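Please go over the structures that come below.
Each of the next two complexes has chain A plus one more chain, namely chain B in the first and chain C in the second.
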Partner chain A sequence: MTDPLIVARNLRKEYGDLVAVDDVSFEVAPGGSLGIVGESGSGKTTVAKMLVGLERPTAGRIEIAGTDCSAPAKGWRERSRRAQSLQIVFQDPYSSLDPRQSVGDALREVLVVAGLGRDRTQARARELVDLVGMPERVLGSRPSALSGGQRQRVAIARALATEPRCVILDESVAALDVSIQAQILNLLADIRERTGVAYILVSHDLAVVRHVTDDVIVMRYGAIVERGQTGTVLDDPQHPYTQLLRESVPRPGWVPGAGATT
Partner chain B sequence: MSVAQVASVVRTRRRSRLSHLGVIGWLALAVIVVFVFVAAFGEALAPDDPNAIDIAYANVGPIPGHPLGFDDLGRDLLSRLLVGARSSFVGPLALVALSTVAGTTLALIAAWRRGWTDATLSAGFDIAFAFPGILLAILLATLFGAGLAVAVIALTLAYTPSLGRLLRATALRETGMEYVKAFRVMGYSDVRIVVRHVLPNLMPFIIAQAIIMFGYATLDLGGLSFLGLGVQPPTADWGVMVAAGAPALLQGYPTQTLAAGTCLVLAAVAFGVLGDRLARMWGVE
Partner chain C sequence: MEDLTLDVPVDSGHGRILHGVDLTVEAGSAIGIVGESGSGKSMTVRTVAALLPPGASTSGRVSFDGDQVADMSSDRLRRYRSSQVAMIFQDPRAAINPVRKVGNFLVENAVTNLGWSRARAREKAIDVLREVGIADPERRLNAFPSELSGGLLQRVMIASTLLYEPELLLADEPTTALDVTTQSAVMALIDRLRRERGMAMVFVTHDLELAAAVCDTIHVMYAGRIVEKIPASELHERSRHPYTRALLDARPRLDGRESRLRAIPGQPLSGLEDVTGCAFAARCPFAVDICRTDEPPVVAVETGEIRCHRAHDRLWGDS
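Our next item is the complex of A and B:
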């Protein structure tokens, strides 16, 4: 068996008296995919923020590609080294891009910061918009000229720009129309096949997780209540909370994978 | 519309055209353009030597070639007014530039570092804000002697915390945006994120505040010059002229004080209105 790409051990996060994340452990293999589900407030985003170094765990250990990443990076050198391993796409497509920056400038800046020569950034930026299924002319567009779905594609392109080994998607399709959600989820599956990138997909929506991930953990009040292969857990949930989650999210009119047959 | 969409609309509106200034806004802009022109070319525009004393003409009213008449020393009032524009704006310009740079830097540091840095700076803002600038100016003038430089420094110490406080709140909102978090995860340095992304997004707010501040600065520095703590006579300066005209005012020759005072107030109002209109136009009140 290959070494896991990401290891989280006994992660805990307290905000004052509130325990937002309580003894959470999981692994993600290179090229693997993990879903994290749970209702709002169950601690999913906090786990994601600790993984990318935006929050410091109260306790526990994080290893990414064999390196200890338990605490937020000190200084930008370490920050930019970690950036090569793990990226994140946030939920809100309206605030996750700098409103003053064109799509092309945004992509080129990531590439320049990552050390790609300026002469090669233009070509790579074109590749990236192509990878997320957008026409080249969006390179000149400001975010305000794009729809939510388009912005989220740009955010995904930006996260993939430096070819990280894993991307976290924190409710990244939640704000989008169902048909756009399906398109983007299919895009993610497609990109994974082509590039071998691993995903951690955070969602309160079981259908979304089922569509993209192999394994899943179910969180409640900061703790994991159930874990296993996505199909098994969602088809035959053992924990009453998972059963409840499954019943409480009816998605009439949307069969996973429909809307996306190309 | 979701909150996110509303936020997006607000951000788009920031770039709206100058046509949204409104009549009042355009009027204010026109007044400012005239003042700036006079400040730049006042000496060339002045029909007479602003410092030529001729007691024979003391407090003489308008005569051909001297449309505003003369002051108590027989100097041509119009010329002094035109030449005085520069002195009346150089001080505020320095004051606004210094306070804006200092206030912006401190606000960005507070918003970026958060935690105890923010708490310390905010407390500093509150304390400094409570201390009256005029009092500070009097104190510094007693210690270092009266003059424009001392007045500008004193008012910079008073203006910096008020801009700092205002901007900190806005900067906190901006640094909390997800794009800032995304840039950190993407390995951007703090300096890059703040200077190339956060600061440019705050510029509409900063510019509007600086223009509003300029209005206050003309009045406050004019006031200090009036009190003898700023620009010193016999330099032609509106604040100095308001004070110099006071004795004549009591003798029934109000022209000098009225003319200089009107210029000061007009400038203050014009900058205030323009700053306010710009802030509204950019959605950054």
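Our next item is the complex of A and C:
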């Protein structure tokens, strides 16, 4: 059996009296895919932020590719090494790109930080926009000249720049129009086939989670309430909260309000 | 609404964002307007409420119960917007003054718009808060908006519309910013209140499945035009416009997994863009020469209407 790429053990995050994440453990295999499902306040985004070192766990351990990453990286050398293992793409492509920076500059910046020689960054930036299905000329565009879907492609290209072994997708397709969301989901599947990258998908959208992931954890109030293979959990949810989530998804013949409270 | 066009100021002068929209809402019925960004769905309902951006101009007619909205005096318009139509928005926090307490918001509006005494308005406010499922309404009257969750605040907005007993509720993505379980509860509330009161609704959403669940008729919009009208119950089996079908097919499934989705190529078009022919032609797998040259007519079909040159062709084996 191959060693897991990412191991989270008994993660806990407190903000004062609030326990945002409570005893969360999971593993992601190389090339694997894990869905983290939950609503506002479930702690799912806090888990993602601890994985990429934007938040320090109050307790617990994070190992990425065999290295202890429980505390945020110290120094640029360690930060760039971690960036080659794990990247994150956020929900809002409007706020995650610097409006003053061209697409090409945004990509080259990441490549330089990752230690690529300046002579090679131009070629690699071209490869990256091609990988996310965009024409080369967008390298000269600023984010304001791009649509939401195009900006999210750029954010994905930037996350892939360092050839990470895993990308966290934090509601990365939630704000997109249905037709564009389908394009981006297909792009993510193509990229996985070509690069063998693993995904951690943080999402409230069960259909998207089903489409992208093999395994899933369902979180509520900071704790995992159910886990298993995504298909099994969604077809036959065991925990009442997972059942409620499943029942809340509009579909043919659906009646709103089954078992729900505000 | 008959043959409505809406022009708004843009950098280069005026841009048309609605192109000949026809919409009929029967008393007590619920119609859904579904579309992607730029389709004009929000502007369509704002036009009904006469809530348009500065400098906007319209042609065509919007009438409510026989009265032309464009001819209403400002007094008449205030009465129209309170006792006849009410509107709720995606972001309740943007529609409520953050430094006014919930009670102040509900009571002052009723005193100003309905001429009620403060005591009567307060009593009614408590009634409507209770009716939208808010426990301990007396205490909630003293809460600031920031102290309430998004779901509770949207309930407050719904409660505020009930004070006026409007005949038509205009709901613009009222649950889009809410969690799925909260969306389900808030939709159930809107649906119940609407049926109990015989209130009509125009429900704007990007979510076809949600619209189909709570509306009688679905109107699909693309690039500032209604491209299909169909009874909600027929949507899945018998919709015929290539865009409606493409939208239904593009969503991932909850009950299974495909290796790739049937994505629609290209970008959604806004009404502002100049098009020759059919606005959807560039993304449509069935487009033929005429689609790229002539604007398609509205064609009556068994299920309703579609705006498509290929309305009578059997594009799918089953329809």
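Just so we're on the same page, the second predicted complex is superposed on the first by the 250 of 262 C-alpha atoms of A that agree within 3 Å, B and C clash if a C-alpha of one lies under 4 Å from a C-alpha of the other, contacts with A are read in each partner's own complex, and residues count from 1 in each chain.
Keep this in mind: contacts are C-beta pairs under 8 Å (C-beta built on N, C-alpha and C of every residue); 3 or more make two chains touch, one makes a residue touch a chain.
Just so it is clear, the structure is predicted and the values come from calculations on it, not from any experiment.
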Chain B versus chain C as contact partner of A:V52, first or second or both or neither: first
Touching partner for A:D68 - first (chain B), second (chain C), both, neither: neither
Touching partner for A:S248 - first (chain B), second (chain C), both, neither: second
Chain B versus chain C as contact partner of A:A155, first or second or both or neither: first
Partner chain in contact with A:A207 - chain B first, chain C second, else both or neither: second
Chain B versus chain C as contact partner of A:G231, first or second or both or neither: second
Partner chain(s) touched by A:D3 [first = chain B, second = chain C, both, neither]: neither
Partner chain(s) touched by A:E127 [first = chain B, second = chain C, both, neither]: neither
Common interface positions of chain A, toward chain B and toward chain C: 148
Complex interface listing, chain A residues touching chain C: 39-40, 147-149, 177-183, 185-186, 189, 204, 206-208, 210-211, 231, 234-235, 244-252, 254-258, 260-262
Chain A partner contacts - residues on chain B that touch it in the complex: 2, 4-5, 7-8, 11-12, 177-179, 181-190, 192, 197, 200-201
Contacting residues of chain A [partner chain B, same complex]: 52-54, 76, 79-84, 86-88, 90-101, 109-110, 113-114, 144, 148, 155, 158-159, 162, 175
Touching residues on chain C, where the partner in the complex is chain A: 36-37, 133, 149-152, 155, 179-189, 191-192, 206-210, 212-214, 236, 246-247, 250-265, 267-268, 283
